[in-house]
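Chain naming follows the written order as A, B, C, D, E, F, G and H, and within any one chain the residues start at number 1.
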Amino acid sequence: MDQTYLTSILDKVAKGEVSISAAVEQLKELPFQDIGFANIDEHRNIRTGHPETIYCEGKTPDQVAAIMDRMMESNANILATRASREVYDKVTEVAPEAIYHPEARVIVVQRNQTLRSDKIIAVVTAGTSDIPVAEEAALTAEVMGNKVDRIYDVGVAGIHRLFSKLDRIRAANVVIVAAGMEGALASVVGGLVDKPVIAIPTSVGYGANFGGISALLTMLNSCAAGVAVVNIDNGFGAGHLAAKINQL
Amino acid sequence: MDQTYLTSILDKVAKGEVSISAAVEQLKELPFQDIGFANIDEHRNIRTGHPETIYCEGKTPDQVAAIMDRMMESNANILATRASREVYDKVTEVAPEAIYHPEARVIVVQRNQTLRSDKIIAVVTAGTSDIPVAEEAALTAEVMGNKVDRIYDVGVAGIHRLFSKLDRIRAANVVIVAAGMEGALASVVGGLVDKPVIAIPTSVGYGANFGGISALLTMLNSCAAGVAVVNIDNGFGAGHLAAKINQL
Amino acid sequence: MDQTYLTSILDKVAKGEVSISAAVEQLKELPFQDIGFANIDEHRNIRTGHPETIYCEGKTPDQVAAIMDRMMESNANILATRASREVYDKVTEVAPEAIYHPEARVIVVQRNQTLRSDKIIAVVTAGTSDIPVAEEAALTAEVMGNKVDRIYDVGVAGIHRLFSKLDRIRAANVVIVAAGMEGALASVVGGLVDKPVIAIPTSVGYGANFGGISALLTMLNSCAAGVAVVNIDNGFGAGHLAAKINQL
Amino acid sequence: MDQTYLTSILDKVAKGEVSISAAVEQLKELPFQDIGFANIDEHRNIRTGHPETIYCEGKTPDQVAAIMDRMMESNANILATRASREVYDKVTEVAPEAIYHPEARVIVVQRNQTLRSDKIIAVVTAGTSDIPVAEEAALTAEVMGNKVDRIYDVGVAGIHRLFSKLDRIRAANVVIVAAGMEGALASVVGGLVDKPVIAIPTSVGYGANFGGISALLTMLNSCAAGVAVVNIDNGFGAGHLAAKINQL
Amino acid sequence: MDQTYLTSILDKVAKGEVSISAAVEQLKELPFQDIGFANIDEHRNIRTGHPETIYCEGKTPDQVAAIMDRMMESNANILATRASREVYDKVTEVAPEAIYHPEARVIVVQRNQTLRSDKIIAVVTAGTSDIPVAEEAALTAEVMGNKVDRIYDVGVAGIHRLFSKLDRIRAANVVIVAAGMEGALASVVGGLVDKPVIAIPTSVGYGANFGGISALLTMLNSCAAGVAVVNIDNGFGAGHLAAKINQL
Amino acid sequence: MDQTYLTSILDKVAKGEVSISAAVEQLKELPFQDIGFANIDEHRNIRTGHPETIYCEGKTPDQVAAIMDRMMESNANILATRASREVYDKVTEVAPEAIYHPEARVIVVQRNQTLRSDKIIAVVTAGTSDIPVAEEAALTAEVMGNKVDRIYDVGVAGIHRLFSKLDRIRAANVVIVAAGMEGALASVVGGLVDKPVIAIPTSVGYGANFGGISALLTMLNSCAAGVAVVNIDNGFGAGHLAAKINQL
Amino acid sequence: MDQTYLTSILDKVAKGEVSISAAVEQLKELPFQDIGFANIDEHRNIRTGHPETIYCEGKTPDQVAAIMDRMMESNANILATRASREVYDKVTEVAPEAIYHPEARVIVVQRNQTLRSDKIIAVVTAGTSDIPVAEEAALTAEVMGNKVDRIYDVGVAGIHRLFSKLDRIRAANVVIVAAGMEGALASVVGGLVDKPVIAIPTSVGYGANFGGISALLTMLNSCAAGVAVVNIDNGFGAGHLAAKINQL
Amino acid sequence: MDQTYLTSILDKVAKGEVSISAAVEQLKELPFQDIGFANIDEHRNIRTGHPETIYCEGKTPDQVAAIMDRMMESNANILATRASREVYDKVTEVAPEAIYHPEARVIVVQRNQTLRSDKIIAVVTAGTSDIPVAEEAALTAEVMGNKVDRIYDVGVAGIHRLFSKLDRIRAANVVIVAAGMEGALASVVGGLVDKPVIAIPTSVGYGANFGGISALLTMLNSCAAGVAVVNIDNGFGAGHLAAKINQL
């Protein structure tokens, strides 16, 4: 709680500069509006480098553009996930500097290029089909001011591919692993590195994959310590968490 | 269909040695009793080295002993799975040469030691908790006349353990992989060897393991070609299939 | 590990033909790139008759054609699964000898016709709707150099159909059974033959079939020993495993 | 609705023998108490040969005995399912003629031996472990006045066993099939007979059997027409329905 | 088994009219082709009034028409389920007398109008959305020679609707109940009638209905004895079974 | 039961104004058609302010218009849920005063504006994507004569938003909470208010949300007492129940 | 927020009776400790008649007794659910007036007998096995100051039982329905009464009941409007919510 | 790869101090035994402060003591999870300084007290029943050299409890949240803090909690960014990951 602000009000009351009833009005809303977590909401993104974020699924191009337009008033970076090209075309009308990453279906407005950590986040995928989800994670981490090393298509069916990239994976501070089908890569990486591993199950696969449940269960049951899991295909969540960890 | 037998009956009919109605009686039951698959049932175990098998779960010691007693009349090897020590104690009354494997909960009466293949079946486990299931598989394969190489506790969380045993695994003709938790070992082995891999999900684990479902889904979704799966904890089924393959 | 290669490097070091630091560079990458499993990846397909394989789902015709183009540089057979006709049309530009099997949605480029086994793989289906999956299995086995006997539409609802084909099924060295709906055929066949049975649950059915789960569970719980299961609709996996077994 | 009764009341009203308000009281309760389905409840069991039934699970021996005691006042047969021996011991105090069937865990008090149909209900099981459920079905059908032919242990893994009993199965008017594990027997029988088949999935099995779900799904998805399913292990329900059909 | 036929062959062998080897050839195929269940398959439909049936899902109009064309050679009635209007349009080219029931998506070719039972099958639905499934059941029963009484939209949310039709339901010999959403109607009807009840869960509903699983579980767990269940939306199966029961 | 009506019939019988057989005919149908709950069905909506309701999913525009046309004969308000604009366009032909709420996909014909309670129903959502479901609830409550306070987008990820609206939520007599994704808002609100809370899980979310199951389970397991749950996306059900409670 | 308290602090600051820093300290903790919802937590139970509640599952008798001892300091009623007799025996040491209801496994310390509503809560069960859960609901409602009418064993399999009690059910202000197995009673009651219905699925049943899931899904999918659902076996939650509604 | 070691071998080869074949032998085992990840396994625990860990579930007291005995040879801390008191009693024979934490069922042998981070890990629980799992997490983090702040019983049903501890939670560098039932606490905390949140679903709850699945799904679907999830009840995994993050 913002003691300075509280003190200043009380000071004015003590001095008779503010009436008691006016002070009551100001104090009444304090805990939820003017202090603490409320401020965080409004200002923290700029301070911490967190991007403003729009989840585009189920929003019309016009709606996304309108939200984007309002966000442009601040100086924060902006990230729009699950964005179609139609959305992007509309967005460029209010944010001409927006860049579209079609594979990840992500729009980025990067006004602040400051690096917030010297350390690297590795983003690793089992197959090429996991790349869109991995890119959502990578772009999220980058727009939050992190360096990302992409290491794609190193799944366990040909494990030598993984080992040939092990140096790069071990050089990272945080590792994101995106894998569908049976999702075994997260366990293998978790056993090979000594850094936090964030696993993203992807919905890649068919049959008894059940839209990613197979990979999700694999990752939750990982026999390697130090692995945590986000929701299926949730590249944004993994990238966001990795960035938070990397900037500690 | 057994043409010789058919011919002999018809021959007797033609010669009048057998009445038509008697021949009808004999032929009526032919397809299901005296020929083909019926014979297989009765005689094939001895011929092929398949053991007589008893699934003890839900049977009393007395019931198992009675079945065992009847089986002792043939010369086939006998295998009793899911057997408690109480069952074993009772069984020794009718089969004194029976040997009990407490970890696998398997009783073996091995009267025929003939090797039916020179090639090796590798039985691999991810952890030590998977060993009981693996032993059920290994003993099944052995009692069917196969050489087994046991390679235990080489799970992917410390993958160097697996690699240090890779030569032995690659030397095998068929590979059985038993793994619980996330079951990733089957995929990794499937990518490293060029032989048939039979995966057994085990119910080892906790939480979202769901009694082996996690490992089962992992194995069904394996990104490595050449992996097939048996039921959760079904060591007998895997051992039996591996033996069949090894003896082709 | 390739001892000859190791020895030659050390020999050159001993003779002073190669500097120590250059040898370190070469040895450093050895375990994952130049020896062992890495070589397998690059060369084993040709040696073993395994086809190069492309899983087309989620790839554009251009992407498949590009991959195919690169694969054409080797002499291996090539198999593309889950391929639409659009994909095929594009592929013919780089591989004019490619043949399309529309029911199985498979493209085959068969440059090597060598048979790798005299024995037969039987591919059996319960209904006509299971044929596309069965064809994927059959074509996979054939392109790997195996003889296939197709025995379709012999489901258990009219079991005499199965029995009239039993001779052919029993003549096979490995049996693949593809069945949807309740998937009972795998158990019945497993009880009638003495060879390895690979069961493919198909997503054929409706209502409480749940996209193949019903058949999958049936097959996993098969009361017949010697049956192993692959993923729902995974004809490629079954064909690949059957070929491996058949060529042992 | 019982028009005779209605008419007699109105007749008395017309004649002034019953006051209007008394008639209103009688008529008010008519639809639910004195006519139609209410009577069925009280009297139909005796008329139709349906037994009074007690489901003992979760009831104390004293409670079951008290219910039994009250039921003894009618002349109907009595059936108590899921009864332990403790329950039976207590029941004999009020119903000395009660007979206990330990395998089926059923108590029968059969005071009426009348056969209500000349036709036979076949009760078929896949394995010996399915017999307790099958016995619950068979005893239910018998206590309702039907002839039952028990045909046990004819599962599809050794299908010649089934065929050797086919004459008896086909001779029945209604067929009950109890099977656990993969439950394939119901489909096979459904394809071989031309009579109604009632399938009971049993909870026999392990691994991915899931307490009978595997067999349940198999039976619901049966490719054979004319098969309906009751709940897992619900021998009583199947026996009751079979009796109803057999007595049409 | 057809003893007359067997006897005639043996008689010819005894008389020397047929050579032994020719007789062997004839007998070899007997069990599966020329006698018993095989004959049933070919001829039983006409004898019993069972229709020839085509499940159209996943078949092209041309394929359905070709099958229909072949079936027209017999005199049996023909039923095609899950048929689109496109299928129907094609079918009329080979079967001009075919009639299309668009709601049930059923095509009927009724060449034989013989009633096979005087008794009535009631088909009851909870709501109007269940009618397509109910119609598939009703038409199946009718084409098999049964009288059907349709009683639609009498679900338990307004239970007086059910009671006002109770006389008609109780007048039936067999009752089919189709219900989606929570499927409670089957239990209520099962408690009110003393005849076999066949319950069809329909996929009508939303949210936690899970495509019919809710109704399916409700019906399997019905507290009313004498209720059996078919697969979700399986109107054909229910109608077929009801017809079998009604014609006993 | 309507005693007055009963008495009047009996009175006429006593006076000889009505024959006994005519009275029997009238009484026979009484319990289900002319009295009690039957009347409720026909008349209760007008008396209680309950709207006539049409669930449009799966009905053609013509069918909805026809039902609407018949409903217009009464004076009750009419509510059509899950209505597309096509349906609305057709409906305006028979009900020109109908108003369409596109977000909620609801059509309202409000002929009766009477408020049936002075108290307020708060409708609260976690996110903006939950608004369509919330609007269905709000409009249902309004058309039944209740005042609604909409408090949208106050999910727990930014809990200060919720607290800033707490006064309004606490001022309500009944609270509806619609939330998707993890559905935590219902528990938090349930802990903060002392009024009945009706929770609607919505199908908003992705990955392991499973179409609303995640939110459904969250709400069922709520650690806050006084929370009950309706089906996924069932805004109508929640609004209807809230109205009933609010009008007690 | 408690404006009086706020005003009194500010008044003292204005008068110089309290230092600014002391006032800051007091205000800092205000929002969560001394005002608003915090007070509710501490005092609301007494004001509203809500009982103090202990969920005993997983707590030792000593722990429950200790909590009870502390609760005895207030004058609120106390309710302990899921309490074994061992727990009760220990509790009587600190709360001699505690009464144990063994069937419901509930301990009640009722120090305040005030009725908080004249209206009645009906608690209805389908079977006798549902009574323990229903009793937990009834006792909860009673200890909160409500009159309860228990109407047990009126399930839909014998629906006349329900109708003979319909007057009592309709006389209630709120209706709780507890049902296991298929749970259809909630829908039927929901269609017959015009008051809020709270449905409790119970875990009573077997087979595909899945510990109450069948009843839960039935109730969620109820075709009757005005039904809401609590967790499986959650009698306390239903009773608590019913009391809240009844006291509005 | 350890270049120094490689260089030294090659140097000896160059100098002729080691024969080529001896060098081959040494190099052959290099990749998996003497370098890289192998070394990590053996030595990393001491270097990094990671404890040696034993998962006791399914191991006998003798087995655990034997493993512990061998581990005592190193100087690392030792952690044994899921340990019963019987296990502890046996362990004290080989490790007298071992301390048992009965609630968490954890044994700790802490020989190294070095703090590896100045920052704090907050461990937060929703209820008192979640404490055992939380303690496993807290003790794991402590034995790895971290300071832990335990903040228990602050679930969302009384959210003021959470807010009164918010300062302490926000002061932490990493936050672990353990919650059962509906698991909503993770989302609320995730929205209030700007640090990484690791969520542990616990199996606390009943009814539709499904052994922790409800909480697991809630946490995976959390609407708050920056939350990752470990397996149900996996306190060790969460503590281990939190320690890794805290020591970055």
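The definition used in the following text is that a residue touches a chain if its C-beta (ideal position, glycine included) is under 8 Å from a C-beta of that chain, and two chains touch if they have at least 3 such contacts.
Chain-to-protein mapping (UniProt): A, B, C, D, E, F, G, H = Nickel pincer cofactor biosynthesis protein LarB.
Please read these numbers as outputs of a predicted model, since none were measured by experiment.
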Treat touching chains as neighbours: how many steps, at the fewest, connect subunit B to subunit E? 1
By the contact definition above, name the pair with the higher C-beta contact count: F-H or B-C. F-H
Comparing which residue numbers subunit E and subunit G contribute to their contact, where sharing over half means same and under half means different, the two sides are same
Between subunit C and subunit F, centroid-to-centroid distance (C-alpha), Å: 55
Cα centroid separation, subunit A vs subunit B, in Å, comes to 50
If you average the CA atoms of subunit A and of subunit G, how far apart do the two points sit, in angstrom? 41
Where in subunit A do residues touch at least two different other chains? 31-32, 37, 158-159, 192, 207-209, 213, 216, 220-221, 225, 231-232
Touching pairs of chains in this structure are A-B, A-C, A-F, A-G, A-H, B-C, B-D, B-E, B-H, C-D, C-E, C-H, D-E, D-F, D-G, E-F, E-G, F-G, F-H, G-H
Sort out for me which residues of subunit G touch subunit E in the complex. 126-127, 155-159, 181-184, 187-188, 190-192, 205, 207-210, 213-215, 217-225
Applying the document's contact rule, which stretches of subunit E touch subunit B when the two form their complex? 1, 3, 6-7, 10-11, 13-14, 16, 20-21, 23-24, 27-28, 30-32
Taking the complex as given, what residues does subunit C use to touch subunit E? 129, 158-160, 163-164, 204, 206-209
Please output the residues of subunit G touching subunit F within their complex, sorted ascending. 37, 40, 44, 48, 53, 119, 173-174, 192, 194-196, 198, 216, 220-221, 225-232, 236-238, 240-241, 244-245, 248
State the interface residues of subunit B toward subunit D in the complex, per the touch definition above. 29, 31-33, 36-38, 41, 57-58, 203, 212-213, 216, 231-234
